[in-house]
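When the chains are written out, they are named A, B, C, D, E and F in that same order, and each has its own residue count from 1.
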Amino acid sequence: MSVLNQHLLSVLIFLPVVGAVAIALSRRESETLQKILGLVFSTAGFALSLLLVRGFQDVAGMQFVERGRWIPAWGISYAVGVDGLSLWLVILTTFLTPLALLGSWSSIDRRVKEFVVFMLLLEAGMIGVFVALDLFLFYVFWEAMLIPMYFLIGIWGHERRIYAAVKFFLFTFAGSVLMLVAFLVLYRTAGVGSFDLAVLVAAPVDPALQVWLFLACALAFAIKVPMFPFHTWLPDAHVEAPTAGSVILAGVLLKMGGYGFLRIAIPLFPEAAVRFAPLIGVLAVIGIIYGALVALVQPDLKKLVAYSSVAHLGFVMLGIAAFTTTGLVGSVYQMLNHGISTGALFFLVGMLYDRRHTRLISEFGGLKAIIPWYTAVFLMISLSSIAMPGFNGFVGEFLILVGSWPFSPTLVVLASLGVILAAGYILWMVKRVFYGEPTNPKNEKLPDLSLREAAVLVPLVALAFFMGVASPLFTKRIEPAADALVVQVQERTRPIAAASLGPVAPPRASRADPAEAQR
Amino acid sequence: MMIDAVLFYVFAAIAVASAVVVIGQRNPMYSAFALVVTLCSVAVIFGLLGSPFIAVLQVIVYAGAIMVLFLFVLMLLNVKREKDSPSRGQRTLSGVALALVTVLVLQAGAVLLRSRPTPAPDYDASTFEMAKILFSPHFLYAFEATSILILAALVGAVVLAKKEL
Amino acid sequence: MSGELDLRPLVPAIIVGVTGLVVLLAQAFTPKDRRAPSAPLSLTGLLAALAAVWLLASGGGRGAVLANAVSADAYSLFFQALLLGIAAVAVLLSPSYLRANGLDRGEYYALLLFSVVGMLGLVSSLELVSMFVALEIMSIALYGMAGLYRSRMESQEAALKYFVTGAFSSAFFLYGVALLYGVSGSTSLDRLEWAVSTLTTDSAALALLGAGMLLVGFGFKIASVPFHMWAPDVYEGAPTPATALMSAGVKAAAFGALLRVFGSALHALAGEWQPLVASLAVITMVVGNLAALAQGNLKRMLAFSSVAHAGYVLTALVASPGQAGEAVLFYLVVYGAVNLGAFGTIAALSREGREPLSLGDVAGMAERRPALAAALAVFLVSLTGIPVTAGFVGKFYLFNAAVTAGWVGLALVGVLMSVVSAYYYLRVVVAMYMRDPLGEDTWARVSPSATVALALSAVITLVLGIYPAPVLTLARIAARSLL
Amino acid sequence: MPSYLPIVILGAIALGFGVFVLAASHIIGRPRPDARKLSTYECGMPPVGTARERFPIKFYLVCMLFILFDVETAFFYPWALVMDTLGIYGLMAMGTFFLVLAVGFVYEWKVGAMDW
Amino acid sequence: MTPLAEELLVTFVKIVIVVGALLGGFSVMTWVERRSLAFMQYRLGPNRTGPFGILQPIADGIKLFFKEEVMPVAANKWTFLAAPVVAVATALLATAVIPYGPPFEAFGRTLQIQIADIEVGLLFIFAVTALGVYGVVLAGWAANNKYSLLGGLRSSAQMFSYELALGFSWVTLILAARSFRINDIVDTQAGGFWHWNVVVHFPAFIVYFLAATAEVARIPFDLPEGESEIVAGFHTEYASMRFALIQMAEYINMITVTVLLANLFFGGWHSGVPGMPESLGGFPLGFVWWGLKVAFFLFVFIWLRGTLPRFRYDQLMQFGWKVLIPVAAVWVMTFAVLWVVVGGGPR
Amino acid sequence: MENPAFVHHAVVLSLILFALGTLGVFLRRNVITVLMCVELMLNGVNLAFVAFSRAQGTLDGQVLVFFVMVVAAAEAAVGLAIVIALHRHRDTLDLDAFNLMKG
């Protein structure tokens, strides 16, 4: 492996930081320079992240692993790596960030420097969360990206931005501090003197304790996802955030919740996870239906998209709760899909907002005739969002529903109801906004997509298509990791199931080797 | 030894009685006088406990210097009696404090009475021996630090009280 | 006798003390219309003392000297370096503030240096009386500093309240010392440790009573609830750089002594006092944070926050001395840097007797003073305990210690209260970054020395948040010498 | 008999003497009070206001100096007692103490706390 | 007779002797002072009552006893009454540890006219004198008179300012004697007048003499009274026996410092001439030397009063603080250095 | 030296004085009286030191009294200076009157 490959993940994390520092040092007035620099750094990051895909092998286990001593006194190391679960999420992050910067090129017109800096820092934090292999490191990134997001919402958001920013911050912070305590307790009880994920996974935790630890972690992740009933921060944050913020928030941040379950909560506390799976499944389905129903009655475009996120992520959680290989693959895939389609939807809503400074559905109507290109893109993304076959959304939801069948047919049926509802609210919205006669005279002079906007949207649309058609290209990378996770959890939980018959010695041999445990 | 004990209880009674006056008086001037009496009684008790030097020092430093300063300030500022009627909240607070302190004192007193350390071995309790300990290296740091303490107090007091610097 | 008279451990304190004398004399002999070079002198002295600490440390430190009264073990060297650093930063913050408020007198610096002498003594004493004298030096000098703002009634009130509570707590401290002396026949910590480990039930009760009273005395100094009521008034009324020193230095020094007494000398009684400390920690965190929520005045808010932080630090005390030591030491470094920075920012903007104290005063700061706002934001984020700032690592360490000792509940209260604290810290950030400025920017230009101080604090806050390992290692070495 | 007992007896006698004299004079004396006699003496003028007014801060300062230097002498006495056994060490110890306070003294002097 | 009762008896006798002598001394002193001053000022002084007016003090006493008692209505009654008692009690108490004359053999035991010989003798005097300030402060405050209050403040400020110098002046004596006992200090001065502390500790003597003069408020330091500014100072409102008690206290204090002066600096009962016999026909000659010294210095105080003008108050305070105290303190350190260099005095 | 029986009662006496001082700090509103109560507390401490010194047969306790006295003196000097400084602003010594800062 080349030097670059050895340090690729670190480069990916710190390249945006370097960019942020460079921009922070530039003069306040040179705004264009700052924007260009931001774009250059984030695009470079994306390009480099593609190297990950190229070098990735379709096997389970961590790749591109990098370890360094950090705080040896506590067994904290700087450990990063990717596997199938995180690979695409990293790419998604690096992919969406330049687009978000490009998309808000003109809509952000004040304090540009800070905006770009925060965006890049946010990117670094998000990548860090996805690649961290050490609980401490994970937590650091997890919390660290709160701050830039908080500023993005609070400074460049809309009318109730401060309320939304503080709410966002406090909700997620409250959730994550409990996770921190859980980590500390785990560290103590495991007694391995290390925060390394693999090492901790290999150290068994008393199931009674696991329940508490799992709940603490799950709370943090559930808030982030957000799972019903912890979702109340999300509509506020999404609606009040600037376009770029919404895109990143929906596109990447929410994924961190689901990813947290897969990477942290389930492997560390498998027994508890299995025990709580039904609850999660039920909540997930409630989220699907609730989100869809609420979205149905939203008069505000952005709110509608926001609630659709609640529904979509319900699918993700359902797949995770089902805990079959197919379901997990579907969940990860659905996370990517949601990132692309909802990201794109937020872009589109933002572009409309830039033109009309309103997001009320009732303000629009018959836009198809005025801005045809825009309409076309919107339509395609909508189809992706409602899981139209041929688009990426379909693959994800299908996998999830199939994978969840063994888990609970009832829930699958109910979730399918959610699919139909999604079609309902999206299409109804499309109808009201684009079809019919232009009702509002203010809309008559709206310009169609600019070249820059097209440049933002085209990759998204293309990807939505591509992922719908060539899904195996993606899923085959996810599968080994998902499979390994399922196997590992089953191995761990089986002795517990048999525990009523008597103590069964845990399979020590396999646990001693972290790599083994991962598989 | 009989005489010692009698004197001890007499002066202990005087000390407590005058201490009660200290905290019971509304006129700070009387409190100050009562405190002087307490201090002198305690000095006598120091003497009875075999520390004549400390007894004398108590009078020199406390009664002869510190209390004079208090009286001076009382005279300089012409301090009046405290207002007669404290508010209800204050009275409640005082009641609570009184009760609390009483309970604690009873508890602590019981502890103190119960814990009798081993009887003292024979030792030379002269002032000379005490002075040797005072100037032993063990207390050297505290001793030298004391000079800084006094200096800091000096500077602080001047800074606070002097009209113009 | 000469063997015992190894004065090297005292060299830093001696340097600082002598500097204080020089500053005082310089002030006395400077004509009325001229200004004494107090700040540079003080800074030189503090840095020289810092160098002395470094030399001592590179020489491997010293054990107990002066018949077990004082030591320059790693523990005290660590604290001495910390306290000298804090004092140096406080000195850097002072000149512009003092000039802006017409308080520019050498006495201020002299008192500051004397209080530092006290702090140094407090952390290096192995003996309760030396400790007490040191405590008093520190306190008395600070009473003077708190009341220095002679034209302002608030300042005098602050001095009075600080004094009354301080004197009251000293008496408690002393009675505690007396009782422990009654138990052990000595005030040396090592003798005490020995005596405490061989107690009968009756004398154990006595020792516990003494320990409790000692705890009350320390409780006042670290401003833990219910002994905190002075803190907000004093922090508000005192000149701001003095407040910075008070909040960072006093707390560090008092915790240094507290840990030495309770962690090592009285450790045999840990089973008895730990629940007490734990409950103190809980009420301190809860009351401090909830009270801070209600504050509109920045200095008061920071005061209550410092109360709350005393609670966080107390949580670590339930751990074994070694681990508690590490955590507390590291946290005090962090806390020192952050609080100096936070109060320093307020002080640096002071002009003509005014300073930014309300949220309205800092509104829109990010657009007018981006660097300053960023620095203050870093400090506040660090106080909240969010990663990549040192505050996070510090809290992590503290709560880790509590959890390791099996007190998960304490850590839970701690983190939940951190969430509460996020609300009031963020309010300031919101004002600076998300609100529009009110009126003209009439605050002072930040002087070069204050810039250095603030930059230093901010850099330390960030660096320790990202790469704490070296300081952690030092803290561990230092804490180990406590055992 | 304890060596201090005579002092206690003398103290009692001294107090008793004072009280006795006052009481005797009270019994013997023939008070004929009138308003003028009982009014406060103010060089023959009717008294103006009360005597309990505020007085210069000087008195406080000098008294403060007194108590601080008084405790200094309190250290000198035991030191003088054992100086013989301490030798150079005692000299250095007290010398340092003395010098620090000398600085304080000079400071007070310069700052005018001793000017009347 | 049990030993305890015997001891008590001896103590009582001593106390009666000392107190009686002091009260007698007080009376005589007033007469001597008035006569001497008169002679110095070319007048006669009291000469009607008895031969040479020797009975004048008794007449004065009787007069004061029958005098009308007056207390201002605004005064604080009990404090007003307590002040003279405190003054005279502390003055008497201070005399407890002073040896009056040498130890002598009588009734088969060694006796000394000293009420109590305690370990911390010299400091006891210091302490009791410190308490003496209260008499002044109380008197000044209680009368509720402007002159009294200001006078009280002034007197007490003067007293403790000089108390400091006084205290310092003893330090070197203690150092040399290695004891707080006045007897020990006297004994270090045996064997010739060049051993007297006035020679060895000359600066201390100067400081002591000036400070003591000021302490008992004798001219030129009698600032507490100043007819032109504060009338009679703190005792403006005092009359009859109350006034007499205050006067008595002042004279007793004066006698005390004089006796101390003789004891501490002038060899006490040691003659100062080597080879002088200890006693003459069973009578200890020490009493003679001692008596002569005390009488001489008592006269010196009167003499000073007759010849010197008084200071201004600011001069007085500045002299105390800026001259006397530094000199005393520096002398202490100098002496200590010399002591170490020389290697200590004779043991 | 044999211990007299009242040594322990002296300790209790010290506790009583200390407690009375504490009580006074809470009960009295006059600043100067409060300071005097603190002195009373310190005096209780001194008595405890001396009594324990006697009971333990070590002289350290007496030495400690020295330091306590110095501290008491220094505290009195500074405390009363503060009182005087405050009095310059306000013609009262009532602790409750000093409530400029609230929150």
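Assume contacts are C-beta pairs under 8 Å (C-beta built on N, C-alpha and C of every residue); 3 or more make two chains touch, one makes a residue touch a chain.
Computed from a prediction, not measured in an experiment: that's the story for all the values here.
Considering every other chain in turn, the ones in contact with both subunit B and subunit D prove to be C, E, F.
Counted as hops between touching chains, the shortest connection from subunit D to subunit E is 1. At the far end from subunit A, in terms of centres built from Cα atoms, lies E.
When the interfaces D-F and B-E are ranked by C-beta pairs in contact, the top one is B-E. Averaging Cα coordinates per chain and for the whole protein, the chain whose average falls nearest the overall one is C.
Note: centroid distance subunit A to subunit E, computed from Cα atoms, is 95 Å.
Computed centre separation for the pair subunit C/subunit F is 26 angstrom, with centres defined by C-alpha atoms.
Note on chain placement: the centre of subunit A and the centre of subunit F lie 64 Å apart, centres being C-alpha means.
Mean C-alpha positions place subunit A and subunit C at a centre distance of 42 Å. Residue positions of subunit E touching 2 or more other chains, listed in rising order: 118-119, 123-124, 149, 153, 160, 163, 178, 180.
Multi-chain contact residues of subunit B (touching two or more other chains) are listed as 4, 52-53, 57, 60-61, 64-66, 68-69, 72-73, 75-77, 108, 112, 116-117, 127-128, 130, 134, 139-140, 142, 146, 148-158, 160-161, 165. Of all residues in subunit C, those touching 2 or more other chains are 1, 5, 17, 21, 24, 129, 133, 136, 140, 143-144, 147, 150, 156, 159, 182, 185, listed in ascending order.
Under the touch rule stated earlier, the contacting chain pairs are A-C, B-C, B-D, B-E, B-F, C-D, C-F, D-E, D-F. Contact residues of subunit D toward subunit C in the complex are 89, 100, 103-104, 106-107, 109-111. Touching subunit D in their complex are the following residues of subunit F: 66, 69-70, 73-74, 76-77, 80-81, 84. On the side of subunit D, the complex with subunit B involves touching residues 1-2, 4-5, 8, 52-57, 59-61, 63-68, 70-72, 74-75, 78-79, 81-82, 85-86, 90, 93, 96-98, 100-101, 103-104, 107-108, 111-113. Against subunit C, in their complex, subunit F makes its touches with residues 11, 14, 18, 21-22, 25, 31, 34-35, 38, 41-42, 44-45, 48-49, 52-53, 55-58, 60-61, 63-64, 67-68, 70-71, 74-75, 78-79, 82-83, 85-86, 89-90, 95, 98, 100-101, 103. For subunit C in complex with subunit A, the residues that touch the partner chain are 326, 366-367, 370, 381, 386-388, 392-393, 396, 399-400, 403-404, 408, 411-412, 415-416, 418-419, 422-423, 426, 430, 433-435, 467-469, 472-473, 476.
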